[in-house]
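You will see subunit A twice below: alongside subunit B first, and alongside subunit C after that.
What follows is the complex of A and B.
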């Protein structure tokens, strides 16, 4: 098992002056795995990356590559490839020269260099533009050249720090699947840093959600999306964001039910939780809107409609809160009233004090 | 009522034509969005309207007054740039009050106005602090506060959400929309992000290489795009464009290509069928493609799922079909959720037929 681990962080800590940037981080990356560090600005994700690359020394803990501690190893000996937000492609050099640059400085003989450049440009669909100059490329090509330049050196580990942040939204979407396919083909181990949950969900084998220098949850994208461990993770993943409303769990005739400002008596089949006040987290897709009242619906008013073309997101009243519901285009207009039902089996109960999601084990056993 | 009229606006830097013959009106109180890729000319357009660039040709009328040659400060427009520049040594309060003070507004009125704006933007708690202590979202909201503190005829926003974290962007999108509703102010909003354009605007102008491809409501732009560029720029994933042949079979219009053949209704109501060439292309939105594990009347065409992108509540499928790749969107719990053979179907619309030569939809 352990031979499969490419990178491991053990209790890695880092502070700047008195501000703790990374507090006791434990994380392991398997060979060929794509792992995303996901979190808001200032959560410590870029600091973590800089320590792995060797630009910053940890205050405590160990960084291991292939089972060897590399804490004191200089960056260039770590065989790590880095691509940043502002990628450096030499605009006066041809694509070929850009790709060969890193190999030349490594002292690779000419013939081998040619072969390596040809191989990587084939894989990244750059063969036709090897003679173009860096400055003549469009953003998508530039991104591929920046990536190819690093990949051609065959790094043990590829670190990507928000590489798509400066790109147009439409370009980002097409590059996501491109990058993922390249990574899969090459079986490249990747650590990807981002604040964008869409990038993390769509490309990662696993996601580690970070906040205030610590990993809150690490798991497969589906796990993070469907079984968040706390309020922060639940709110950080998903677009439109998850709805959070206050609720109360009561025992009625021996059965546990949930009451909210709008819905009452939602059966908590098999979920064993203490009676009391909680927060209820429910994804917009697990609320449904109807024109006519039916069993289990409650009336609500549409305050705002966001038109996304393929679907509309309605922001509707829910007690003193607003919640969002996803509908087909043209389902209803602002100011109209509709009838809302809530799928309690897809909702999470959250403790108000420590903001942890109550385990769903009981619920799933019952289902 | 028309608030802003732009007529035949031209602008170039040296040999480079940046704005080419732009004509449009913005109604009083409208949220008008200009969307397009990097270097389309979006920021140049805003700066020209604000008076920071002088146009090579054309006229700009604000509230009926020709302001084409007027100094920026006499135009009564407010422009918020992408890079937030708050005065670092001034408190949140003084930052918002700044334009009011320079305009010589009475101190009593300033106090009232700053309080009102801060309340609206939910930044009352940072008014006593310096910008360096603000979060990204707070900085942006204070900057907006400064831009709207002094009522202007026109508020122009240049990619105000671009440099922010994805999460804050989603929240601010909704706040912007609410804010516009409260202020009732005429706004021009510039972005490269079609999601912002679609969800916030009354009308959208799609700008490409200095020209408008189309101006219309979000529904018009999305459901009846004028050009292949608009069809692919608006909507994520973009509209699929498939080459096809149009034939008349026993008096009915039939669209066909490698691996598919389907009737298409409504051509004669919209376009004179005789005008249409035989070889053309048609557009179909990813969410309009039906997918099934089995062959059936709704899914008669064979395809293959070659790639799946999972985005939480939905998946984007790449399907090998008709000698190319088309994209479809399905919910996460859809029956087809693995790579492999699948069956698909679609109902092409007459308004989605494209002239392959011009890239324009037939009208």
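What follows is the complex of A and C.
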């Protein structure tokens, strides 16, 4: 089991002056796995990456590569590849020299170097620009050069620091699939740092959501999306964002039911929680809108319609709040009234005090 | 829209012209005087452009013996007792200024790098360095003379080189620090994950990028060293002589007031600085446009 762990972080801590950047971070990365470190800016993900790369030494805890503690090993000895947010392509050097840079410092003989550079430039469609200078490239070319420069050294662990944040949206979409394909072909172990949930969800085998220097939840994209552990994860993942509305859990005739501003008597099957005030988190896809009243619907008014082409997002009143609902295009217009139903089985009950999601398992343990 | 009224433009241009006259007048006067015969050096009304240009002053700079025959020709009206050719002063100044500049920039670059990248000495360290320059040199010159005589550094090349290096180091650190701060950390990082030590990454990646800045700093420091007078005066005793001392020697109790010779020497002494600036000007422009990372 342990032999397929490529990278492991055990209780890693780092602070700058009095600011704690990373506090007690635990993380494991299996060989060949694509793991995303996802979090808002300032959550400590870049610091974590800098420690894994060896630019910073942790204040506490251990970083293990192949089971060896590497806390103070210099970057050049770690056999890692790193692509920076700004790519750090050497602007004075040609693309060819950029690609050969790592191999040259490793002391690879000239012939082999040429072959390796030719091979990787073929793979990343760089063959035509080998003689261009780094400084003359555009952003997407630089990105490919930076990636190729790293891949050519066959790193055991590839670290990517927000490599797409400088690219425009259409390019990002195509690069996501390209990068994932390359990673699968090479069975490359990748740690991908990003604040973009779309990148994390679309490419990762697993996602670790970070906040305030700690991992809140690590798991497969589906797990993160469908079973967030707390309010932050629920809100951070998902587009359009998850709806959060206040609710109250009551006991009616021996059964627990949830009342919200609009809906009442929603059955809490399987979840056993104390009576009281909670938050209810519902994804926009789990609210449905109807033109006519039905069983379990409540009336509401459309305040705003956002057109996303393939689907429309309606912002509708929900008590004192606005919630978003995803519908087919042309379903309804601003100012119209409609009838909402809520799928309680897909909704998450959140404790108001510690903002944890009360899962079934959680509730069972409590009961 | 951006057009100023005519009179504003006129005032601005006038101000520029006045500033230029103020800046260039001493240079003009220096060069003009260097070609004047002795009776026009300090005549009244002043001679703006001599009608009898001569190279006599320049001859005296390099061949002090020429002063004697000149004095005879002028019925001994001037008492020329110039000893020593200016060659020695140029040579000494060149050695001292060059090495002091080299050391200052070299140590300054390394110190600046460690201050920027490793935060050596903490937040206030660069400022503490600068406080060295806040004392007027005249205030510290006496203890330095005492120290140098104990260490037997007085009147040696090494002594002056040491003093100049110490006093220009704060400038080097401050100037080069700002250039290093411009170089993205990622570039060194990329070199380091590709198998380089940090020092090698500094040499191969960072240094070429800040080359222009380092050369500009070197020029600035060289000018300071080349024109330094006070330390040269008190830390030498005839064995070592700098250009500034030689210039001063032309006006003294023993040599009289050789303004023309002084002007000739002054004119010549600006040449090395101009030459240095000319040689590195290509780098001055290029060095300031990094563009290593497009943002």
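Keep in mind that, in the parts below, the second predicted complex is superposed on the first by the 331 of 367 C-alpha atoms of A that agree within 3 Å, B and C clash if a C-alpha of one lies under 4 Å from a C-alpha of the other, contacts with A are read in each partner's own complex, and residues count from 1 in each chain.
Please note the rule applied: contacts are C-beta pairs under 8 Å (C-beta built on N, C-alpha and C of every residue); 3 or more make two chains touch, one makes a residue touch a chain.
Since this is a predicted model, take the numbers as computed values, not measurements.
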Subunit B versus subunit C as contact partner of A:356, first or second or both or neither: neither
When both partners are placed on the shared chain, which of subunit B and subunit C touches more of subunit A: B
Partner chain in contact with A:139 - subunit B first, subunit C second, else both or neither: both
Contacts of A:255 with subunit B and subunit C, given as first, second, both or neither: neither
Partner chain in contact with A:291 - subunit B first, subunit C second, else both or neither: neither
Touched partner set for A:201, first subunit B, second subunit C, both or neither: first
Which of subunit B and subunit C A:40 touches, first, second, both or neither: first
Subunit B versus subunit C as contact partner of A:337, first or second or both or neither: neither
Where subunit A meets both subunit C and subunit B, residue numbers: 139
Residue ranges of subunit B in contact with subunit A within the complex: 37-38, 136, 165-168, 170-171, 173-174, 177-178, 192-195, 198-200, 218-219, 222-223, 232-238, 285-287, 307, 309-313, 318, 329, 331
List of subunit A residues in touch with subunit C within their complex: 53-55, 74-76, 78, 80-82, 84-92, 101-102, 105-106, 135, 139, 142, 146, 149-150, 153
Of all residues in subunit A, those that touch subunit B in their complex: 40-41, 139, 168-170, 173, 176-177, 180-181, 195-198, 201-202, 221-222, 225, 236-241, 283-285, 304, 306-311, 313, 315, 326, 329
Subunit A contact footprint on subunit C (complex, rising order): 184, 186-187, 189-198, 205, 208-209, 291-295
